[in-house]
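Letters A, B and C mark the chains in the order given here, with residues in each chain numbered from 1 onward.
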Amino acid sequence: MTVEKVLEFSDVVIVYDNFPAVAGATFSVNAGEIVLLQGANGAGKTTLLRACAGLLPIARGSANVLGCDLRLDRLAVRSRVGLLGHANGLFQDLTVLENMLFWSRLVGATRNDVDQAMDAMGLSGRLSETQVAKLSAGQRRRCALASLIVRRAQLWLLDEPHAGLDAQGRDELDRTLRAARDAGATVIFASHEIERASALATRSLVVASGTVKPA
Amino acid sequence: MLSQSAPKFSSTGTQATRIVGVLTIVVMTWVVISGLVFTPADVVQGESVRIMYVHVPSAWIAYLAFIVTAIASAFYIFAKRHSLGFDRVAGASAEVGVMFMVITLVTGSLWGRLTWGEFWQWDPRLTTTAFLLVTYIGYLAVRRLDGSIEQRARRSAVIALLAVLEIPLVHFSVVFWRSLHQRATILDPNGDVKMDGLMLFTLFSGVVGFTLVFVWLILHRQRTMLLSDLANQSGLDAAILARQNESVSN
Amino acid sequence: MKKTVKKTGRSRVASAVFIKDLRIEARSRVVTNQVLPFAGLIMVMFAFALDNDDVLQRVAGGLIWLATIFSLFIIVQRSFAIDTSDSALDSLRVAGIDLSAVFLGKSIALSLQLIALDVVLIAAAFLLYQVQVSVIGLVLLVTCVICATTGLGFVGTLYGGLTAGTNGRETLLPLLLLPVVAPVLIAATRATEAAFGSGGAAISEGWAWVGLLAIFAAVFGVGGSLAFGPLIDE
């Protein structure tokens, strides 16, 4: 039985501002996994996630994501992964619904997809007509996640997705990630909340000083 | 691509640069002596005509430098393998070009002061040259933006190619602007000079000599750029090791 | 989940970006409340400084376009502040959105804001400087404004995208943009003077300048669509 490998990194070095933030990372992720990246601040988790999304050049080693060689073509992978970093990528002056409709128009999703995603993240009703600038941090996070759902990414890359969410929001997030996995997506996420995150994850990896080891 | 080994040379000089350097000294010595002593003063312009021996060659080099930058940038962008060598040549050429552009403008306005009585005229050639200077100062500023070497190379190559679109538009609009309002009231910079054989030969030697200076500077400059890129690279090897050892000691 | 999102058409992306930018401006009113008064003030200050109706009529065209270009710097920075404040531009890049479509959408939105600005500036020239215009002159003026703002929208978006999020963008943007927009300043000023009949300029002279503005817009429209992606990508 062969398992489809979604991601395969071998001795990857990523240089950011002349600093090797990732210094020889080797790991792979199979389809349908929910992988947790643990590690201290500055260990290289964020850089690793951004590189998986094809945003950063690979200085050395080989990196393959969803069948695309990141050394040769970083652009090809982008429309198929969804990255949620520390910023939410929302427009502050637009309402939640307008932000969602903007994204749906870009990726060719239907209004129905948008409504479903907003329902899933508890953003329908009064909240949908609220400007993003007036939302709480947790509500913004949910809005950003909803736009990932609309994008139908095959590989979800989430940097500290639990940060800023209340207990209810965290439960919703966990449910959303499991639902995404059940729908065929693969999830890699970084988190400091080991207990909650370990319960969610199917496997944990430790990122330390720019390298990756099994937990 | 940079080689991963440590640089094998300790200076930017090579056999080639030494030959070019010696040739440069010989030709430039001849230009200086001939331009200042052997050639006669002009009937109309007097001694000020001697500025021409610096001004015309440096203007030629300035434009040549920007053509080299544009061509090297095009090679970087369109070649299958994005060779950073082209980027270094483009950057070195733009730096040298900016210097010669400044020399051109300074000698031009000194000559203008003596001939027209004014340092500056809104002459199409002068105006275009000034805009070209600002454009390439902008190009050099873009090269200094944060980012990786590849990012620097791609951004600056795109900017250099955009400048190729921009300069003809600037030149055409300035020519068009002046021609509608005042028709050639100023002296053509060289048209009035009756050149004898020696003057022409000295001017020609100046062009050759300055071109040699240009080649010599480019060869050295792109090699210093290579050295500094290599230094970063070897720093990287050490930094990767240090980063990995961090994790061992933890 | 094997159903991959299909590539969306360029015009669809461009129109989404265009509507988004204009909607945000309609709601935040940064250009309306800050740039318009700034540009209007430039016109008033020149009236004080020159204090001579003949001179003002003569230079009205130049002042309108100088004020437009100074305002361009502010509008461009605002246009990209929208996209970089919460890294939305990053999200667009990660999602693999066609960046040339983003370029077109942002450029046209920028041009429309500039047109609105120029309408106010030209009205100010009529009120403050007593310039006059014939019907044919008005046709020339409208064509000139459309061509000039289209070109400015393209170059503004192109270089604004490059400097967005970099250190020292406030000074780098004018350094890069000023030499590029020089042809627009010259051509639009001459065409506007022809339309106003300033200094006895004939209207027919203006059309040649409008032609130059159209060439400029076409060159940077094509060049910008090709260059925008490589410029802003990491």
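The criterion applied here is as follows: a residue touches a chain if its C-beta (ideal position, glycine included) is under 8 Å from a C-beta of that chain, and two chains touch if they have at least 3 such contacts.
Computed from a prediction, not measured in an experiment: that's the story for all the values here.
Apart from chain B, which is left out here, the chains connect through touching into one piece. Put simply, the chain nearest the middle, going by average C-alpha positions, is C. Among the chain pairings, A-C comes first (most C-beta pairs in contact). Relative to the C-alpha centre of chain C, the farthest chain centre belongs to A. Between the Cα centres of chain B and chain C there is a gap of 32 Å.
With each centre defined as the average position of its C-alpha atoms, the distance from chain A to chain C rounds to 37 Å. Separating the centre of chain A from that of chain B, both taken as means of CA atoms, is a distance of 47 Å. For chain A, residues that reach two or more other chains under the stated contact definition are 57.
Touching two or more other chains at once are residues 146 of chain B.
Residue positions 234 of chain C each touch two or more of the other chains.
Only residues 53-57, 75, 77-83, 85, 87-94, 98, 102, 105-109, 131, 147, 151-152, 154, 183-185 of chain A touch chain C when the two sit together in their complex.
Within the complex formed with chain C, the chain B residues making contact are 77, 131-132, 134-135, 137-138, 141-142, 145-147, 151, 154-155, 158-159, 161-162, 165-166, 169-170, 172-174, 176-177, 180. Interface residues of chain A, counted against chain B in their complex, comprise 13, 15, 17-20, 23-24, 57, 59, 208-211. Across the interface of their complex, chain A is touched by residues 1-8, 12-13, 15-16, 20, 23-24, 27-28, 82, 85-88, 90-97, 234 of chain C. Against chain A, in their complex, chain B makes its touches with residues 146, 148, 150, 232, 235-236, 239-240, 243-244, 246-247, 250.
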